[in-house]
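Everything below concerns the one structure shown next.
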């Protein structure tokens, strides 16, 4: 893989349909990214490898979106000290109550930063990643200001 | 470790205080067991090793108890094809809603069998393990009948 | 009835439409099974008979799927010491919150192992049953490994 | 047993501590009653016998109080066509959400009438039973009016 | 109005579409009934009159179905000592969680017997009413047995 | 009763212990008030009278606090066109989920304005009442500004 | 802007589709109003300005409707001592549980009066605003009586 | 104020008692920080100033902890493009369900990264902040590895 600032992981192909919003938003900011599908439960070794090699490969922020007993973000976080952003995805019959609690209630010591459920969260995960990158990147900080101005101009579509 | 029929895993030392009920119940049935503390998030490699080597070590059933975003049972299940029984433990402020949904809502392909929250579940996890072992062990099947008779005689304490 | 390793019980004809997934998965593994419809509340005597005669008929694992105040798995478990796997089915207006809590919160002494709600759970109930049977059946253990490999190869559809 | 108008069933000895409120209220009205402990899961045959013989023994209303996956009222109802009143009792960690949904979400065909959770419900179960008996008993109807007057006079303690 | 054994009250015209199931079931048993629409909040005086005059008009059981902050059953119960059966109806966005809790959590002193949410509950409210009437009506008791037999014969559709 | 701007109604004596916070806050603003205990279910006629005569007695705002199936605010609102503020009070085992949903989910046509659960809500109900009165009372508007300044000065105790 | 008695604020253009019900109801009563779209999170300065200048512009009541982490009503309330009515709007996947709790659980000191979720609440917010205005406007009080009479006449559609 | 990498904001003095855990953890890593108390609802202008000036003052990450309708993190986020981490704090009677949903369900465009409720989250918020800072600080990255090693060594206390 090429070197990317943000790695976006979707727990399944159907999760990918939502997580593509993360990629689109990252692209708007010109942030390099890679999108992979990996299931914490069906492909635990793949998840471990992705997470444990991320820092040395130059990844700076990880975004993980999954549904149901959504362990993906937590599993990634258990194998890296890079910041991990979790996106709880909605599935029937519990909406996103299961994925939200499974993603956010991480035990002391292994943090995950969780955004809103579903596509709003997929977009916001990208924005949070860009905010993190903007700490040392004045150009991204300016783009974020511009993006916010767009939100205000749109009178909150 | 010696060869044990049931491996009981607690997600933390405080979880152990509840999961000891599983051990006590297994002992009542004379079922060999081992109790270990391993955190899915703080010690993912330890969890993977415990699970992936369990079958070759002679373990027949795994019981995993954890709280909050309780990934322990699911993480064990992702590394073994032995039956895994999950016990959702209660913590504040979500009671066991977080641990129940995190344990039970496993995706298609990787099953976990979940029992009641807290100490009732810790006991029942042992009983379910004994029931599983009793399929090919007439002596255990008889002991289960005897245990049930005890429950009836006690007029449901 | 012929001798079957797994008995699958659906609480109603509409529940059967989901529980057929359990049968399909068992068939993939070549595990003998029977599927019956029996309601814990409308046919309590039928449920009692099915459960209490299961072991002597050669059944090794029972899977029970029901919705609403889903007592089916618990009612079966109260009449047998065979392992019982519960599948909480979703119905309006409580999704599967009612069936999940009704199935999983069994009192101390009578265990049920509960899988995910709905069709994911129906599949996983079969897999858990196969895992249980695999303890003494090396051939099934190998098939489970093969099934898992398929999940990994599919990159988590 | 002597002939009683109301049979009060508690799912366990600890449930009995709350259900004694039902008896106290029935006594206030001079309604004959019997209180028994019977667990739907640990003593299913006892529950079946209690329910199926109730009408011929002269019982007119059944009150059943239980916690967790509270099947007691539903199990009684499945074996009788007498009116069954369910009292969902509270236990940790789900409060009474589990017992309420397990008691109230009965399938089409087998009714249970459910009152409030805990001791308020234990009292109200008795009052509902008395109301049912009062349909053909003018003396009880008068006592109910008197009881209501007391509530009003107490300015809603 | 003519003399009816059961009064069925729907909180609104849209609630009536579900509560008609109560009437259909009562008709199957040949139980006299009347169906009225009355809103606890929009027509409180009408509700009070319906409830407070019910006993003298010969009504023996009241069934009340409503949604949202469903006060109808409780409001009826506050004006009569006849048994009141509540049916929590489902509406968006809380499903029936709001109507269930609003109907079932009655304070000590004023009982309501609550059945399942939605149309299953509408049918069961009728059956519970018939069970109440059957205490002194052997013919209805026999019809209830026949109805149950039908449920069993149908193998739990 | 003397003429009061705000009528505070508590559903029971125990509810009064929380609702006294409403009175204390009103007193701070020098707003005339009366506190009464009246149960929507045990004293429906008293509630109706209090509500239906409130406007002609000079009451301008009604505050009603109750727990469980909290119909008090809605019952008051059904008998008056004065603004009614509801305070959902907490009781076991549902916390304030039952009282919140019972108070806030009023049907189209009969509004209640609901504040936070428990004592924070009891205080805020008073403040909302004062805000309503301040529309035509510049002196109260100034006192509200002063109160807010106090909150800011306290650095959010 | 012209002088209006009620300011209706929608958190986004999609929220506006529901909040238009508030305006329609206000128009029925002939109450002057203005409807604006302003997002608490995307346009915080706009929200602050709208709220902090409302009283001097002659606004008497503010209605704010928003979904998800619905801060709009609370943000308005933090910048004004005018009465603020909150309408929790429904969005997937949490229905209105998120918007209800976000709107109603305001801390001690800053009140918001919350009505039912969705369109019923949008109508009731207008009615509550009219009730507030009716305290000093006998003509509005009469119109409210007339509106109520309409509800009764319609037999609770 | 001196220049600090992380700004920790508590919504009230009582919230501070939990958020002090964030500071303690930051101190362990030698990360400069400041802790302030500011209420989104009682001190909105203070919150706006803290957030809008944070970047120019050298703050790199903001952590905000609050309870109930917890708008603090979202309010901070609405005034800055720095990464904001939210900690939902628990209060009665809704536990942290209100603060979690109020903090996490941010609308598209304004992200907040949310950690676990209560003190586990307060610690994890610090860790997530350190992870963010570690992207460009190899020394912090090493300390994080050391901290993780400590967690593993402790066998998951």
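Per-chain residue numbering starts at 1, and chain names A, B, C, D, E, F, G and H are given in the order in which the chains are listed.
Rule of thumb we're sticking to: a contact is a pair of C-beta atoms (placed from the backbone, for glycine too) under 8 Å apart; a residue touches a chain by one contact, two chains touch by 3 or more.
Here the structure is a predicted model, which means the values were calculated and not measured.
Any chain that touches chain B and also touches chain C is listed here: A, D. Between the interfaces C-D and A-H, more contacting C-beta pairs are found at A-H.
Inter-chain centre distance (chain B to chain F, centres taken as mean C-alpha positions): 50 Å.
Chain B and chain D have Cα centroids separated by 35 Å.
Along chain D, residues 11-12, 39, 42, 68-69, 94-95, 97, 104-107, 109-110, 116-117, 120, 148, 151 each make contact with two or more other chains. By the definition given earlier, chain contacts exist for A-B, A-C, A-G, A-H, B-C, B-D, B-H, C-D, C-E, D-E, D-F, E-F, E-G, F-G, F-H, G-H.
Across the interface of their complex, chain G is touched by residues 90, 95-97, 116-118, 120, 148, 151-152, 154-157 of chain A.
Considering their complex, residues 11-14, 37-39, 42-43, 46, 68-69, 92-95 of chain D touch chain B.
Residues of chain C touching chain D in their complex: 11-12, 39-42, 44, 48, 68-69, 71, 74-75, 77-79, 94, 97-98, 101-107, 109-110.
Against chain H, in their complex, chain A makes its touches with residues 55, 60-61, 81-83, 85, 100, 104-117, 119-120, 123-125, 127-128, 131-136, 141, 144-145, 147-148, 151.
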